[in-house]
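The two complexes that follow have chain A in common; it is paired with chain B in the first and with chain C in the second.
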Partner chain A sequence: MSSDVIVETQSKPRYSQAVRTSFWFVIVALVCLLFSDISITTQDPWTELKRMGWGIITPNFLDYRTILEALVQTIAFALVGVALGAGGGFILAQFFHIGIVRWACAFVRAIHEIFWALIFLQMLGLTPLTGLLAIGIPYAGICAKVYAETLEEADLRAEKAVPGGSGLLSTFFYARLPEVWAHIVHYTSYRFECGLRSSAVLGFIGMPTLGFHLESAFGEGNYSDAAALLIAFYILIVTLRFWMRGRLLWLYLLAAPLFLTGGSEIKLTNIVRFLTSDIVPAPLRIGDFSGFVDWIVSMFQTQVLPGVFATVILTQIALVMTAFLALVLFPLISEKFFGQFGRSIGHVFLVIVRSTPEFILAYIFLQLWGPSMLPAIVALSLHNGAIIGHLMGRYSNEILLRPDHGKGLNLYGYEIVPRIYGQFLAFLFYRWEVIMRETAILGILGIATLGFFVDSAIADIRLDRAMFLIFITAILNIGIDIISRKLRARLRINQTVEAV
Partner chain B sequence: MLLYLENEDLGYQGDIVLHNISLSVSDGERVAFVGKSGAGKSTLLSVLQSRFPNDIALIPQDTGLVRALSLFHNVYMGRLHQNSTFYNLLNLVWPQKPEVEEIGALTTKLGLEGKLFERTGELSGGQQQRTAVCRAIYQGGSAVLGDEPVSAVDNRQAVQILEALNERFDTILLAMHDVDLALRFSDRIIGIQDGKIALDQPATDLQRHDLDFLYIE
Partner chain C sequence: MKTRRLYTGFVVALAALAWVAIGNPTAANAQAKEFVFTAIPDQDETQLRKRFNKIADYLSKELGIKVKYIPVKSYAAAVTAFRNGEVHLAWFGGLSGVRARSLVDGSVAIAQGFEDKSFETYFIAHASSGLKPADSFPKEIAGKTFTFGSKGSTSGRLMPEFHIRENLKKAPEEVFSKVGFSGNHSKTIALVQSGAYQVGAVNFKVWEKELKAGKIDESKVQVIWRTPPYPDYQWTIRGDVEKTWQAGFVDRVKNALLNMKDKELLDSFPRSSFIPASNSDYQPIKDVAKEIKLIDD
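Up next is the complex of A and B:
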């Protein structure tokens, strides 16, 4: 080989694996865009936007009783639901080394709260228990995983100094748990904030929480009422650290069940019928096994494949849009780019966008633009972009720069982004599965993802089909989770990310 | 005989740090291990620890404290094995009076008065080290094994700690970097150099300068 060739290969720019991976994600998203359905179908989106804008600047707090009622219900469902999830998760975490427990947790957390709620609605009717289980079950799966990992990473030096024969429980509570307790509390309080959002959204399927009142306000075009509800919700989230205090928690937990009353009566026959008959594929109910094969084939042809196709396409576009928005948004709250005043505006914007559940954002954009993938893409990327942007902004504040660093875009492109890019990809890949779970659920709003087919099947009272589709959705999520983990391992960005 | 090694190669995770070690320790001996840092003292101590019966009290070099728990609870941990699990958990959420009194007296004696319910993570390095010593003393038993138990305290406190350990334990095995303290508080000096036992003599036969060769660069 001549020396010319060597010089040539050396002078060619080489891109890091992280950059090449990002490039391929963008290409895939562009291809997905060709198959996507993006359009504005409403007659006059501008008039509606003007009316909404007017509603935002004239929020109506006159009906404060309704607002208060909505907030109290939202908090009560979130409190008890997350307490069930965290408690169950903590117990499950102790058995997380057992394969079947790990798999069961992965499965239950792959199913969105709203899907759980739809399932329990069939069994238990419109009762508080439905909402509590809808939050508690998937949260138990998530908490079990995080608690188990946290306990595993605990500092073991203290445990080694414990006298031999101290007993498992004593050793656990003295030497293992205190080491990670602060982390567990921190994570659980983050989960509670998520729980408030989940609880609010459950209102859209009939729970008496924020979403319920929001949907009726939007439905009647009372945008001032809707704005007041949303503003109250933001205040609730922003003031969380002031009213969610360790000692007060017990009081809240004791009081919360008092508000979770009413609803229809739970009938055992409904539960039995659901479990033994409703969810059994129709052909199997009459013992027709060859019909069952046809049933599966037809499910795949008419619902599973189109649903999965739309879900994946929408997810990939939303993922790349999320990345783009996060990169644009994070400087807004970074000390490296803006002063105190600029950052506080950035904070307000990011708090509003990330505190609004994707589902509610999508619902609002859907009112504006009509059903297509557009509202879903914008809602998902705004919400997730704000979350990742927030984390990156905080992360960028920790960077120490040399005194003679560049300014503006030079600073952005040369100093900051290269340093946080790995972390950024880690956040993004952790968020991938969340985006897909959410994409599936947005089908309920009329976008043809898997949730759309689930919702239609339930409307037709074909629960066997609904359960089959939910099962497929869970498998799809677990698949994305595995791919994401492999990618993170390959890019060596697998560090634990606390609050994603 | 409490402990007996003959021609053993010692190390951890496949890395042999100490070669051809022969050593025996009897009940009631007070042994100081001296030598440069990196000579292999800690390795030898961790091997000795693993060969000992369960009831030896430990003072690890990194103190092994639970930083999120109070001084009281960290010291109490020395007796987890002597009380029922129920009592341990009760004492965790609601410190019991007899324990508070006993541990309060012990920690006061070692200069930790007024700190009983402070988180050990918020104590200074020297206070943390004294906490670990208190835990070992509270645990009791016949033997204690400590890796540099007085490295982070001043001379006066070091003397106080070593006196307290001598009062409580018959058999004492300590790695020490302070040669004067080693000569003063032990019966037997074992000098480690380059992964070998370079010296093993009664303390009374030795003068300070007899140990200088261990520290030559």
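Up next is the complex of A and C:
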């Protein structure tokens, strides 16, 4: 009897590969938890938290002109930036089978928009072009990947029916593209929402978008002003589908460049200096090759290794927390679980959680719990959990249920979750590298991630170090990309997902 | 149809880029003759904007040219804008000024606030830390959690780090159980007041201002040590302004700053007056920055 059981378990594992993969991720996160530092040390957070709470219930819209102007700028930067990214990405997607293109795309999207902006700030100053390229370049890399994968999976029947002798272009535009057009449009519109967030965040480093004023108001403790800006941003995102419509888009795109402001002329000398001198490691600038070796060694010892360690630990824990939160949050906007009214509330809640910049979440939790990895983990996983929850909720709406399906927890546990689990993992794997990039911007918590060291190098105007660390970050990111691609292939998860 | 839409989209995007890249030509021309300055964002930025817009008006009247203030988001951005020639004049801290002048040949420190000759950093601590005010460096801060201000700040980073290393013979990461960078002085105060960090280092002017404004509860957070004085903020100007405006322009700007008597303007800094400054006044800052390796030799 016992031998029967053994044979049975060997030939047919009890758990699916997806579940076992998830299990391993949880194990890794638990191990990381051992190395992380999570402690609660605060004394009396309530004074500050009360002030914040008071700010939220008394938003100050008096300075509505600043808010409106910032909103217009945020939209304008997002529109033109995403258009550049989508256009560039579409062209690159055609060449995505070429190794170098694929690598280049992986490389550019591995660098956080903030870092792109900091790089262009050195060359182009506070010109609109800095902000546009900071969005456009990484988005081109992301769009290229998703468009290429979408095109690859297109239904080829139409293409096969095209008469022989038709040109490549005609075949592409009349037989291949229409098959996937809806998906591309859908994805690009999702990208636009991300673009709005990116655009807002670029304000933190000086673009005239929402983040500019938000960071000021928040930094100074003017929480009523900060609340007004945040509320305006939430409304912008919630109403997105009402004002972002097909035909209007072209009107917006034509108008947007007129609104981009700020900055002075672009000087070629600054660009040349940055490329030929600033980013060259300091010892090499004076031709000191042995000094260069020391430089590399010291960079690895003092920044790269500790930075990679902290980054990976934080990322893995936040990833698993994100997964749990997403699983809890997605029913809030799913037709399978809530009626119209409940879903509306769910939508608003998810918009608030995913549109509040992580550094604000991190600051709130820092006040609550004191400095450790805890505020970072919670801030990252709330933000990303709400994004994946949103995508999963939408995805779950497309599931067709049998008439005799279960209800409540049974429906959740035995029907919906198992059926969307593959997609859920795919969303997570895509989000994995994003979470890693986002660990970069939590210096206030004193966690020495790679991003923390990049930020320090830029603060010290040591651009050679900054570029070196950005390069390392990009490589780490590409590593994650490779692992997640392998995992997706092994789990045979649908490749074309939208959550990058 | 779809193809056309896609192409239209792409053409529009390219056109937009071109437009931006060329940068609305009329605007660029108007800017060419404009005298532009910036300031490090060391505190309340809404206040900074009000303050420096008034300074722009004042300078414009005194110099008889168009003067504009542009706000930036970080110390590094202020230095970069100065280096790249986006701004001609800047209100820097000690360290950012040293950095900016070493990057731009011919740039000079022309004026500082009366108080900047002998600026101070206050070490502040939360009541629960058990730390008490003292005249000598409080060595008991070792092992506590600690926050600096901005990474590029003189009073919030450079000087406190210098004294920590000097007295405890170790890097801050080794001295404290946690080291954070709050971003600015106001946040440092808020974070120590709530006990999120036990100890912090703050610009004494900002501390006094917030104390006066009633934002500080001294039963929760108090000053435990004051650093010896050091030179801090100053106005620094690019040498090449004399090419755009005529020779002697640097002195004209300097005189305009030194002659600023409007109490309201001065209070907004807050400084009692501006006095002459020179690059060599900041040699001590440069030495300290080199010593703790915040700038290269």
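Here, the second predicted complex is superposed on the first by the 395 of 500 C-alpha atoms of A that agree within 3 Å, B and C clash if a C-alpha of one lies under 4 Å from a C-alpha of the other, contacts with A are read in each partner's own complex, and residues count from 1 in each chain.
The rule is short, and it goes like this: a contact is a pair of C-beta atoms (placed from the backbone, for glycine too) under 8 Å apart; a residue touches a chain by one contact, two chains touch by 3 or more.
It should be emphasised that the depicted structure is a prediction, and the values quoted were computed from it without experimental measurement.
*Asks:* Contacts for A:G165 in the overlay, against chain B (first) and chain C (second): which applies, first, second, both or neither?
*Replies:* first
*Asks:* Taking the superposition on A as described, I'd like to know which of chain B and chain C A:E179 touches: first, second, both or neither.
*Replies:* A:E179 sits against chain B, while chain C stays out of touch.
*Asks:* Touching A:L121, do we find chain B (first), chain C (second), both, or neither?
*Replies:* In the superposition, A:L121 contacts chain C only.
*Asks:* Touching A:A83 in the superposition: chain B (first), chain C (second), both, neither?
*Replies:* Second partner only, chain C.
*Asks:* Considering only touches as defined above, state whether A:E215 meets chain B (first), chain C (second), both or neither.
*Replies:* It touches chain C, and chain B stays clear.
*Asks:* Quick check for you: in the superposed arrangement, does A:R157 touch first (chain B), second (chain C), both or neither?
*Replies:* Once the two structures are laid over each other on A, A:R157 reaches chain B alone.
*Asks:* Going by the touch definition up top, name the partner, chain B or chain C, that contacts more of chain A.
*Replies:* C
*Asks:* Kindly classify A:L253 by the partners it touches after superposition: chain B alone (first), chain C alone (second), both, or neither?
*Replies:* second
*Asks:* Shared contact residues on chain A, chain B side and chain C side combined as an intersection?
*Replies:* 173, 178, 181
*Asks:* Which chain C residues qualify as touching chain A in the complex?
*Replies:* Residues 2-3, 6, 8-10, 12-17, 19-21, 23, 28, 31-32, 36, 43-46, 70, 72-77, 79-81, 84-86, 99, 103, 126-128, 145, 147, 150-152, 173, 178-184, 186-187, 190-191, 193-197, 215, 217, 220, 294-296.
*Asks:* Within the complex, which stretch of chain A touches chain B?
*Replies:* Residues in contact with chain B: 157-158, 160-167, 169-171, 173-175, 178-179, 181-182.
*Asks:* What part of chain A is in contact with chain C in the complex they form?
*Replies:* 41-45, 47-48, 80, 83-84, 86-87, 90, 121-122, 125-129, 132, 173, 177-178, 181, 203-206, 212, 215-217, 219-222, 225, 249-250, 253-254, 256-257, 260, 263-267, 270, 282, 366-367, 370-372, 443-446, 448, 455-456, 458-462
*Asks:* Touching chain A in the complex: which residues of chain B?
*Replies:* 54-55, 57-58, 60, 62-69, 73, 76-81, 83, 85, 88-89, 92, 132, 135, 139
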